[in-house]
Every structure is written in structure tokens, then in C-alpha cells.
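Here it is, the structure in full.
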């Protein structure tokens, strides 16, 4: 994965255009890709695919000396900057000058694709010192040679065939120039995942989707057949060491089964993890699918926040590859638990003789949890939701429950027609 | 409004009788009134219209000297006192003597219309000093020449014609002798409101109702046609400066639309305001209509509490007329928002491209609120309830939403048959 | 009750066997009993009736001297200990040696009927001193002459005939050797209750059930006709002085009417009491019936916790008989309130004229509670649940409501078919 991130990092990948296309070409050499084209001007919902943004040169001179130079540092120019040429005062320049308060020695990653303006960036420490402006007064010569022209936005998918045509979509956005963790960490994670999954290993056909964030997933959702998609997992920023552990950001509808199995997958890994509600922290392509007008549950795995976020300091050398592997493991466990899940049906009457099935523990709490687990079976709940509700481990509890299943005390009922069913019933409330 | 309050204040207006009738006569010179008569003995629900209470004289003498004299101060006698004549000890007098702990220099406003007793009032400071009784021991001569005799209780309405025959009732109780804020403030507020509303300005026909508190609104509700009333607003005590601002006391059923629009009206006024659940503070005529057996949503606007409440210190000179005007404005905005309200229907798929419609903000919270506003449209919620749920301003948000409506992305569905519908469905739960 | 507890205490009553049978024989002399027999090996749900456990002798010798001697102190041996004979080291002995941390001078009551092991007990103070082991190193001679052999487990019932064949079951488990409060307190409470109830005093036929805890009630529930049982009350540990008062542990389904009436019964007694959710503290035979596969609501009355719990210090001399009588009173009031309960139906419109019916109070809270009580009648709630919801006393409120009933303002609707109805509707959620 290290090689992938280091190779993709220098390619100046905006929503569409040369840098983005170069990244796709690179990935295509590693795994099969199917490319979907969306020319500039294509309408997708309330959005319109923008023109391609081209930079030929950009600099700012003070007293004849380049103090900002795109060719030396492409992060000196905000992404999507309009062209501009002229002489401005220091105060006029200041209105178009961006810096990061949190990382005063870095260039910020700024993005103005939809709200048009020109702009350049500098480290804060070159602009202000102790609250005082140190950027000298006087005239600044600004030259920004950029252009917007029609292009083609590309979304790419790689398909891992499953036993059925039910689908799972895994998203990693491919844009954001010169940002390693955001989001080449996820891109590398998914490319590497291909090696670890055998065809027909899972019931679901898994599609990896590489696209420009938000508008790419909107375009995919609006134009492709998504009727067979059971759920979406977006990976966004998954390569920083996070003391609190991986964050699972849940789907819009809180009672989705995907939330339960993802939660159980993280909990079963033994290290710390975090949970948050839909869009409470960051949001990536999963939020597009959760929109009630599309109504496919989507979750996000991330290791956000990290201090280099959206600055020139988000570089490949800071990537924590162990964390990327943990996220990859969590994704695969989530899929496995989702597919193994079932509805246990109680066949016995009266309290369970726990000690007969090796479930009795000396402490009272676990016995109570098990009894409540059994009581709640009356309601047709899935195994995963029972494990979540009563704080039980997925794999260990399944092993114990298996003894009851083998003894005919509990039977197994498959979960079928889940998405179709929901589509119908949801409209009613 | 000042003149109105000062003129009405000295009229000794009980539930029924001369003082009350004088107040009605006065108002009739300012605005048209329709009078409804309820003779003593009329049964309205579990209530019976009481007899008229007449006072000819009342005094208490100690050693031949009048220490309490109704003719000098009519608040020396409790409202509704039975007649009494005789000599009593200090301790016997004490059982019939009322004072205010909170306002020790004032006479309390006491009311015994339904639980029969005789009683007089004094400032607490003339009875007790530092916890010690200073009222001298000895014999007190008591003379209370009152009488109960059949009379006629009157409820008066003024009608402001609307475009339709759907009704809104605005209540201000007209009884409570020698109390300016409670409730001549509201009486003046409604009389003045007539000047500010043009016929057919609103869809609803607005009826102002002046009546004795509680029993007057019960009588109206039991005997008049209220099937066209959409909601009731009671104004009770609206003329003291309240640091916390106007209090909106909501209807019994918490999910009524009137609660939402009144809340939005207050919030839109830019000053502080308070909200409380049904009957949590004071309660006035709105509580009669909220009773599930009548089931018309009613709210209360008030500036209560104030320290002169129910004492001889509640006088016209302490009225804050700016506050009365604010309440009047809140009433009209509430009606306006109620009538302008509608159900927005989402017509677009996928996330909204907020920047295209000028809704995008730099801060994240407002963007999220807007997105949730859109998600929630799926549930057929009204515009007003969406504004309340997501903390958005009624007028500003309507202006923004209008751009989406103009672009065909959202359509407008009227709210129809609300009350009739509720009547039917409510009975089921 | 004192005599009963003192007589039953020395009988070594395990789940089944001679000591248990002796206790039954004793009770049979006081009240009629019907005995149900369950031979060892009988399967009841996932449970199997165990063999009878017989002890002939048991001791531990150190240097030829008996340091543990069953014949001197039968609590020296854990209940259900397997036979064992041999010489063990101090550390080997320690693995089978039980003591109580909370009561270091007492022998613990230990119970290993289902998880087979041998074991003896000692006061902790003879094993450890200040964290140091004072039990000497060396060889210990162990002799445990016990045997498991087929026997007959017995459940006994006493029936108090009611006006109908609807049933209430009152449980007191009869096992636990040498434990007075746990549970001879409840056994005595029920035996004594027989004297206080006349035949056909209640609508319900009341059955007192004496049985081995858990497995006894499971056996009864699985083999007898329980279709007419409306609810179950288990009494477990009801004879210690509890500063916090009697604890009502509620049924699994929180909205059962039995919870409300039991709550009102305790509240009406004027002393402190406690409430807890199902199985939050201890659990006894009521939990068997609450199991959703059986689905009969059951509550527990207890005075637990107490410090002598499950030690040799739980002796007859510590029993608080006043508390047992309070629990007995609570049981009878619970039954009375349950049977007297009804659904009040509102017949009047508009607010109630409270003072007309002597319900008006000076304080505001009680008036509000009464009004809400009336509002909530719209929902077909029972009288008991209305009292609970609005904090009103059962008997006093019934007296007040009776005036409204007598005046035709409220009518009385019986609660019928409750259990049958629930059985049907519950399956749906």
C-alpha cells in the first residue's frame, strides 16, 4: 500500500482532469476498472458536472520577487481558482489569501469549485506574527493563468463477484490533490483488499467505487442501477494513528442492520473504537446514499480527526499502515457478520437451564444478558441486533447459541427480502 | 390603551353584576359587541352560573374605630364574601382575615365565589411585625352587608370578518376588580388590535371574547357553535416588563401546529421569550378549550409573573405598554404564520446542491440543518414544524425555500381539513 | 409465625429429599396441602429434576483432629457436594474451601446442585488473617460420604377458594437449609395468611405454592393448568428490618396492571418502600412466569438485602415479624386493589367544577393532578394506572371519584378478558 500512496500522491487530482485521470490509469494497472464518463454540464439531481480546471502558471510577486510560486509548490494556489492578472494592495491580496490557523507552517488545502473566486495560500507564519501582520504593505503583482473548459468526470468501479447479484458498494474518493491520508489511505486500502477476497467468497457482489467525492457518488447513484445494493461503506481518511480508534459513523436510519454488524465487527477486534450518528463528524459518499430520496443505508469508517487535515502536511510519510489494515479487517468482518446474520427462533418454554449449555457464569450480569437475549427472541429480532442490545460478542455468542441450535432448542430463520421490504414499508410512516 | 385601562380600572367587576356590566358598556362605545346572556342558575357542564354578589357596606371596628372600611377601600373585603354581623375575638377575626406574604404593605385580591365564607383583608404589616401579632387582643365589631341574588352573567364578542368562516378566538377575561395588569392589559390589547386588522385581511374570522374567567369561556364553549374554531389564544397578564420575555404556554396536545407557529412568531421577534407546557404556570381561558372533551387547541401568551400579582398594588401606573404591543404583534404574527403555513413536497433526488440556491454557509451547522430539513420532508411535515425541528427562522427560511419552489425542486401542498381530520383520528388512540 | 420458623429451621431442606419432605409434613398439619410429585429425571423445559442428595457424614482432619465436622455443623458441607475421600495438600483443599468475605465469622451457604464438585466451608477468619493464610500447611484428610440417588421432588399447594376460578399464585420457596429469612419468613407469612382470608372473600381463587426455588415453579408451570392464572406474587426474604422498606420488583412487561396496584398498595401503607424493575435485584419464582414463553405477569415482594444473607448467621432469632406482617398486608391490598379496579368513563364536558365535588384544594398541584386524571380518562385507562400516573392515592381518590360516579358524571366500565386479550395481542409485536 505504501507504494500506491507514494505513486498517487504527486498527481494533481481535482474533481476531473488530467491529474485525476492519471490516478485512474495507475490503478487500472493494478486492478480491473470499469469507467463511467460524465461530461461537463451533465445534470445529476440538483447538481451539474463542472468544467475541468486547468492551471498553466500562478505566482505573486512583491518588489519583483516571487513570494508565491505555483510551479514550485502547487498548493500555493487554491483548487479551482479563477484566473487573475493585476496589481493589488496588501489588503486586497489579503482577501484572497488563505492560511491554516491550526497548522501555521503549512499551506492549507482550499477548495472553491462551486463558489467562484481566485485565491492563493501561504503558511500563516509568513503572514502574521504574534497577531501582527508581517506581510509588508505595498503593491503585489498577481498572475494566475487558469482556465475552465469542458472535460469529462470519471467514476471507476472494480467488481468482486459474489455468489449472488446482491451488491455492496465500497467507496474511496480519489480526488483531493496532495493529500495522502485524505484519501489515498482509503484508495490503497480498497486496492489491497482485492487480493484478500476470493471470487464468490461472499454472497454479495462487492463493487469498489473510486470517484470524486460527493458529486461522483451522486452521479453514480443517479445513473447506474443501484436497486440491488444492500448497503454502502465509505472509507474516508483511514491512515492516521487514532488514539480513540476507528470511528464508525452510522446510517441515517438508526435501526439499520448494517450499523449493528459494523458495531459488532469493531467491538470484536478488541481495540478501542468510536461510534457516532450520521454526519455528526465528517461526511463522505455514504451520505449521498442515505438521503431518503435514495434510501440505501451507508456507513463511514474513518480515523479522523488528525492535525494535518487539509494542509500541505498531509503527506505519505505520516501514514499509519497498521491502521489502514485494521479498517480493511473491519470492512471484511462487517460483510461477514452481515451475511452470517439470521433470526433465531426460540423453541423451548420456561427459563433456560444455562449451566446445561455451558452458559452459566459466576457473575450475575452475563447470565441476565443471556436471559434477556432469549426473552427478546420473541420479537423476531436478528442475532446481530440481539448481540448489540445485550452487549454480547458476535462470535462467542454464536458459538454458545450453536449448542442450543444443535439441541433443537433454537431454530434458525434466514433474513430475506430486507431491502425490498423496507422500501415498501418505509414510505408509510 | 392607557386611557382604556385607567377608565376600566375603578369599575368593581366581578363574575357578574353592575361593575362588570359597566366595563362592557364602556367597551361597546369603542368597538361593536355582541352580548351573550347567562342567567344565574344556568348549568354549563358541571358548573352553575352563580348569583350576582352585591355589597352595600362592610367594616370592622375596634374600640369603636373603623380599622377596615369597604367604602374607603373596596379591596378590604374579599370578593364574594358572605354577609356577617357580630362581635368576634381577635382569634376569630384572624380566621377570616387575609393578607399577602409577598406584598406586606398591600391588600390581597382574594376570591371566594364558589367556596362560601366571609372575609376581610389587611396589609400584613398591620397584622404582624417580626413574626409577632400586633393586632390587638379584644373584641372586634364586624359588619358585612352583602347579598347574593339572581343576575345575568355576560360574555361579549367582537367579530373581525375573515375571508372564510373558519374561526380563531382571542380571549381576555374582563373580571377581577381593581387589577390593572390582571387583566385590563389584555382587554386593552385586544380592543387596540381591532384598529390594526382590516376586514378580510386574514382567512380566519377572528372573534375577540371578553368574559369572566373560566366560567365565561365554559359557558361560551357549551352554548355557542365552536365547530369552526381552529384555535384559541388567551391573553392573561400581558403588561408587566418581564426580563425573560413573553411566555408562550402551549396547548394540551403538544404536537399542535399552533404551538409551532406561535413559537416561531416569538423567536422571529428577536427578543427573549419563554415556552412552557400546558398549565405549567398560570392557566386562563385557553385551558377550557384544550380539555379533551372540547379538544380545540389553545395557547396562552402572558408576561406573568410580576410581584404585584393579586394585590392592591396591581395598578394602572405600573403597566408597560411596550410589552402589550409586543404581545399584540406576536398574536398577529402567529395568525399570519398559521395561515401561510403549508406542506413542502420534495421533488428532487439526492443531496441538494446548496451553493446553487444560495443556501450554503461557511459554518457546518446551518448546512446540516438544511439537509435535515430536506430529509424530514419525506414525512409530510408542515413547513412550520420543520422550522421548529431544525431551529430555522420562519421568514428567512421561507425566502430560501421559495428559490427551490420557483425552480420546481419543491412543490407546495396546502394543509386542509386539519381540525375535522383530528377530531376523527384522535378518538382512536 | 415465630413457632413455624423455629420448627422448620433445623430441617435440612434441599431441592428434594428427607429434610424437604419433613418441612412439607409439618406444614400439612397446619393447612391442607395438595402435593405434586416430580421424580428425578423428569424433564421440565430445558431442565431435568435432579437426584436426591444424601449425606451420611463429612469431615476434614488435620493431624488427626477434625477441623470440619458435618455432624456438628451441617453448614460445613456445601449443598450438593459430591462424595470424596482422600488426603490433600492445603492448596488442594483451598480449591474446595468456601467462605464468606462479608461475614468472616460465619459459614457461607453454598449450593452446587447443577455444577458438580465437592466442597466444604469454614469461617473466613479461620482461613485468613490480615490477608495472610493461617490455615496450616500439611496434609488434610478429607471424608465426604454423600450420594446422589433417584428421589421425588415435591411441589405443594394450598387453595383458598374464590368466587370465580380465576387464579392468583403466591409463591414461597421451601428449600435452602438452615436459612431462616431465606425463605422461612415467606413460608410462615403465607401459612399465616390463610387465617386472614375467608373462602370466597376474593373473586380470585388464591393458590399458595411451596416448592424448591426455580425448578419447582418451572415444574409447576410446565405440568399444571395455568391458563386461569392472572398474576403471580413471589415472596422471597421478607423478614429483615429494611430501612428503605419493602421492595416491589415489577414484572417483565412494565405496563402490567399488577405493577400499578402493587405500587399503590405499598404507597397507601404510609411507610417507605422501594420499586425496581424485573430481576434488577434478586429474582425468585416470579421470573419463571414472566418468561415470555409463559407470559404470566409476576411480581416479587422482598426486604432484601440483609447482611446475614446466605450464611450460617441467617437464624430465626433475627427475624422481624412486624415486617412479615407488613408484606402480608401488602399482598392482600394488592389483590384487593386489583379486583376493585375498573375503567372510569367520563360523561361530562368541559373542565370539572372541582369545588362542587369537594375536590378543590388550596395548593395547585393536586388540582392539576385531578384535571390530568380526568383528561387521561379519554384513553380508556384503568383507575389504578391513572392513580399511578398522577400520583394519587388509591382509596382516597376512589372516595372522591365515587361522588362523580354517584352524580352520573363518570361511569364505571369493568376490566374484562384481560389475560386472554393480552395473549392474543402480544404475539403481534
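Each chain gets a letter, A, B and C, in the order it is written, and its residues are counted from 1.
Here, contacts are C-beta pairs under 8 Å (C-beta built on N, C-alpha and C of every residue); 3 or more make two chains touch, one makes a residue touch a chain.
In this text the structure is predicted, and so the values were computed from the model without any measurement.
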item: Topology of the chain contact graph, where touching chains are joined (line, ring, star, complete, other); value: complete
item: For subunit A placed onto subunit C, the superposition rotation in degrees, Cα atoms, nearest 5; value: 120
item: Between subunit C and subunit B, distance of the C-alpha-averaged centres to the nearest whole Å; value: 54
item: For subunit B, residues contacting two or more additional chains; value: none
item: Residue ranges of subunit B touching subunit A (in the complex, touch as defined); value: 346, 348-353, 355-357, 360, 368, 371, 375, 378-379, 409
item: Contact set on subunit A toward subunit B in their complex; value: 44-48, 114-115, 214, 218, 221-222, 252, 279, 287-288, 291-294, 429
